[in-house]
Amino acid sequence: MILRAVFAGLLCLGVTVALGWAVLERPAPVENLPERVAAAMPESGVEHPITAVLLNFRSYDTLLEIAVLLLAVVVALALREAQPDRPEQMGLDNPLLRAVMAWLLPLMLVVAGFLLWAGAHQPGGAFQAGSVLAAAGVLLRLAGVTADWLDNAVLVRAGLALGLLTFLGIGMLVMLPGVPFLTYPAAHAGTLILVIELTLTLSIGLTLLSLFRLNPPYADDPDDARAQEAPKP
Amino acid sequence: MPWLDLLLGFTLCVTAGLALIARDMFRAVIMFIVFGLLMAVAWVRLQAPDIALAEAAIGAGLTGVLLLDTLGYLRRPFGSRVDNPEDRS
Amino acid sequence: MSGAISGYLVFAWSGVLLFGLGLFGFIAHRHIVRRLLAFNIMGSGVFLVLVGLAQDGRGVDPVPHAMVITGIVVAVASTALALVVFRRWYRASGRTDLPEDT
Amino acid sequence: MTEQRHAVDRASRVGVYLLRLGILLAVWWIVSGSHSDWWFGLPLAMVAAALSLWLAPPARFLLRPHQIPQFAGFFLWQSLLAGWDVAKRTLNPALPLQPEILRLPMALPPGAPTWWLMLTITLLPGTLSVRLNQQHVLEVHCLDARLDVAGSVRDTEAHLARLFGVQLGPTEAGPRQ
Amino acid sequence: MIGLWSLPLLFALPLALGILSLLAAPAWRPRLIFIGLPLMAAASLDTLAGLVTAGPQVYRLGDWIAPLGINLVVDGLAVGMILMTTLVTGLCALYARVYLRNHPTSTSFFWPLLWFLWTGMNGIWLAEDIFNLYVGLEVMGLAAVGMVALRATPPALAAAMRYLLAALLGSLAYLLGVALLYSAYGTLSMAGLQEAATSNATTQVALALIIVGLLLKTALFPLHAWLPPAHGGALTPVSALLSALVIKASFYILLRMWLMLGPEVTPDFTAGLLGVLGAGAVFYGGWMAWRQHHLKQLVAYSTVAQVGYLFLFFPLVTNTGPEAARLAWDGTLMMLFAHALAKAALFLSAGNLILAVGSPQISHLIGISRFRPMSLFSFGLAGVSLMGLPPSGGFTGKWLLLHSALLSGQWWWLIVLFLGGLLSAAYIFKVFRMSFREGPQIDRSVTPPLTLDVVALLLAASAILIGLTAHVPLHWLRLGMAFGAV
Amino acid sequence: MNGLLETVALLLLVTLVLGLIRIWRGPTIADRMLAAQLFGTTGVGLLLVLAELQQIAALRDVALVLALLAVMAVLAFVARVWRRHPEDGTEEDPPA
Amino acid sequence: MILIELLQALLLLAGVGFFLVGTLGILRFPDVYTRVHALTKADNLGLGLIVFGLLLGAGSVPVALKLLLVWGLALIASATAGYLVARAARRRGVRPWRARNWENG
């Protein structure tokens, strides 16, 4: 154990020193990518450079990234089916908490929508909006609110797949005039990106939520659900 | 000198170090959540509000909850010897 | 390297240190959740290096920003997947580390 | 008969929905700033309002708008006092604390007014709501039992009663320790 | 422009099929291969036709020019890997369709994972952008981890966990290298980097990180610990896919990185060090394989050993004559292809043998030669290629490497080639000796479905065939920029 | 003005560092969680100040998101971590 | 104008002061319940003062309202969090700390 720590320490020291050396000796780059991005912005269909990079210039990366996210859920689904679980453990069913959630969650929805909408011209975008959406779902579960439609496997899977399928479909459809994959026509780029982002937001939100849900939960603590607000003897 | 950035960078390293050396799992996870929060601030200092948004929602939010949930799953007697400092003596 | 250290470079250096620390944790620890923490810290270090170095002396660059967002998504997906597998493993074996790691 | 009631219910639901929609649209306007797009905000707020209706069906209690400024003033002043109180205690080397848990029967009707009370007193000087039991008795942790905690809670209750336009129910006088 | 339609299909189609098979009912998931496989084969062949008629091409995704957008590169190496992936994955899919029938329905998630894996691999073969390669690696890596975990038994979960940790560490090291390269050169495109890169500390550290990260994912000798449990413990078709293709992906990236930057910017000893590690892998892997008692563990350790041969490439192309370098290139790729086919065949036939005797222990194979001659024949045929006996692909590869070593004066690699062959022979014959021994009568040998045997035989036969007709693929593989120096 | 804002930001960061002590010392896990909650509030304040300092309006959105999610960690803690042992009903955190 | 800036400076510094006090409170106070007091009160006042300080410099109405919204959300969040922790502590039977000279126990 100590040997292992010493070894790890030496290795990390070496790596850190090497990295420091690399940082110090770094040459100044010739290529100026930010300038290229700025020059291409008018054709991108959005006004915010990061969204342009994520969903237009380098949208192929984003496509694969969403696939990674979906993959994690697929594995979680597979493992869940391999070892069926006891009923899912919900959260804390507290009336005050519920009341707070009833106000907080619509606000979160509006903020998620705002982040999605904002992505076109200021910081924000599908991923951020999706995470807020997922957080809303997680809060809902932690507050013990059940949503029946989340138990509908077909619906959930359709929701999971929606974003990626739309993205892929649009990427293929735009090829019809004979241009490469994912080449949005400049005139419609903004609309197409918005459609992609909208579906991606829903799918990312659902994906992150599923990753939380599909962890094998433990069975309900009997003492938790029933004796919520019972007076203590 | 950018004192704010220096202090932030230093705190980032300290929280990361503490998260890694903590013997109590829960302490480590809380340190990690704090680390995520500080990362969001660091992204702000790097003029990257997009990443700060993502980090605030993910690093400080969802990852933390996932880890806490896992800790609950492990159901270990987490640290904390006493609840009341009065009883400590 | 002349003149004052820019704020960006400070974070690049922090990133280097974070990567080193995370690597240490990743190798030295056996508890899987700790190793995942270390992985995430390493990842954050890499992202800081990516953005901090690219912007040092050149100003804001949107490309590494987009790359980091992609990287964060990938890191979250990996962490979540690892936790899923870890919980199954823990439930099946009652162990929090991997078998040959003693 | 039942149909009639149903219709009334529906009307009130629509009213509540529109009210919440209005609030959420205002939030959209606040959040999205100067160049907000209503074609995006309106459908979004409609969905959010529907969600809110699903989470919290129309309640019997409605805030009275004209009472809000007065309550806000009360709240701001009291939170200033609360912060000052905690600061005094923290910075005093002797740490003058005499915590106690009190049980106070609630005079406000169950539901939204009580939730507001529980959240509010947590932010007000020296009090922290801990637990509400089925007899509608609130356990309050107070920082210093020498203060008139029950009195300030009653005061807050009165303010909330005015805010919601409800009658305070009967309670036994004073804390039941 | 070649394959305007077929090229994006190479990664878009498996992605779409992956999503569809996630949506489909479990019973329908395997059936999607009857749509997918012909289409994938057609797309791959169309790409090959395009390459042969029009030469190497660059495909600009989104119609953006390289450092701004992402380019795909279609050269001989990429198309070769695509074709091999289509062949091996297609056959493994046919195998899995039958094989998984006797497994719980939860294993039907193999199908979405398979398609995602295919997406990731084709993405990697075509990528020209170093960050895109990272994302491709993650798609492939997570899909592979998921496949290992599919069995959901404790050993499978532990193996998957270990594999995941190794893969994550490897990706991070790679990504840090990418970050350093970007900070120094401001571009992510390989062509741009090749043009701009100079020998300096940043490039060297970046390349070192990238190499170490990829070595971890390739499971080269001291970093191989995750491989045997993952490959040996997974479901049989999964083992075959992982050993045949997945570890090749990180090697492939290494190869491209080396050709792009390696010799110019790294210190001279790097290539030699990689060669020595490869030699270590050949010896250690072979020795460990010989010591195994589980059949699939034996095959998995054989992968550790065989990966070592590929790393002889680095010393043989660095600072040697053009002829030696060309031979090393041909030889390494021949070894790579032969190993992919032979290892898939070996795993599948090992799986058939295990199905037949109902036990993974090698000692339980006693007398199996009389019951399952066909499985054993495939096993042997694949073994011939692994040992490097003529007329197999393994032989051709080793022969080319041998010539290259002689030509460049690095005769000591001959010892590796020779002893490695002997060790391979030792562990292959260990299995054979057991199966031909007459022990206590076994009469309850299960007969696996014919498809399983046929698929394994096809793969094994291809491993031999590729040796006989080596000049055709080798000619195609030389097309393109990848090895322009020669 | 900028000097003032920078000082304020720096002081807020110092406050955060002080809060680390409580997280480290505990002694109960609830105390650590409370300190983390404090970090959230301070972080919101810090982000708002930085939004003014760096003149990036979007930082207020970051603060907004942080404030919206502030309750999540505590809720997860209370609902999933700080609970009784289901099997034997003993407390995980026995009062000495 | 100068008056407004002065007031702004005052509010911001007071806000930071309350944050410091809240943190000190969390460090000094003896048990979970009292620490919740420190958290909910001093901190939210601190955030409130900072918000009002920034409010004076806010250029537009939506920005000002957004600042207030953030504060309101933080208020709700910490009140809820404080209540949840206190309630959980009570349900687990954590006894409140008592001063030594408090004889009414």
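The chains carry the letters A, B, C, D, E, F and G, assigned in the order they are written, with residues numbered from 1 in each.
Please note the rule applied: contacts are C-beta pairs under 8 Å (C-beta built on N, C-alpha and C of every residue); 3 or more make two chains touch, one makes a residue touch a chain.
The structure displayed is predicted, hence computed values, not measured ones.
With contact taken as defined at the outset, chain C and chain E are each touched by A. Steps from chain B to chain D, taking the shortest chain of touch contacts, total 2.
The interface with the largest number of contacting C-beta pairs joins chains A-E.
With chains reduced to the mean position of their C-alpha atoms, the one farthest from chain C is D.
The distance from the centre of chain B to the centre of chain C, with each centre set as the mean of the Cα atoms, comes to 13 Å.
The distance from the centre of chain A to the centre of chain D, each centre being the mean of the chain's C-alpha atoms, comes to 34 Å. Averaged Cα coordinates give chain D a centre that lies 17 Å from the centre of chain G.
Separating the CA-averaged centres of chain A and chain B is a span of 21 Å.
Counting partners per residue, chain G has 22, 24, 30-32, 36, 44, 46, 63, 66, 69, 73, 76, 78, 80, 83-84, 87, 89, 91, 94-95, 97-98 as the residues that reach two or more other chains. Within chain C, contacts with two or more other chains are made by residues 13, 17, 19, 21, 24, 49, 53, 60, 63, 65, 67, 69-70, 72, 74, 76-78, 80-81, 83, 85-88.
The set of chain A residues touching two or more other chains comprises 19, 23-24, 26, 29, 32-33, 37, 50, 58, 61, 65, 68, 71-72, 75, 79, 83, 92, 96-97, 100, 103-104, 107, 111, 114-115, 118, 123-125, 127-128, 132, 135, 138, 142, 208, 211-212, 215-216, 218, 232. Per the touch definition, chain A reaches chain D in the complex via residues 95-96, 98-103, 105-107, 109-111, 113-114, 117-118, 145, 229-232. Of all residues in chain F, those touching chain A in their complex are 57-58, 61, 64-65, 68-69, 71-72, 75-76, 78-80, 83-84, 86, 89. Residues of chain D that touch chain G in their complex: 27, 29-34, 76, 79-80, 82-83, 85-87, 89-91, 95, 97-101, 118-120, 122-123, 125-126, 128-131, 139, 141, 143, 145. On the chain C side of its complex with chain B, the touching residues are 4-8, 10-11, 13-14, 17-18, 21-22, 24-25, 29, 31, 33-34, 36-38, 40-41, 44, 47-48, 51-52, 55, 60, 65, 68-69, 72, 76, 79-80, 83, 86-87, 90, 96. Interface residues of chain G facing chain A in the complex, by the touch rule stated above, are 73, 76, 80, 83-84, 87, 91.
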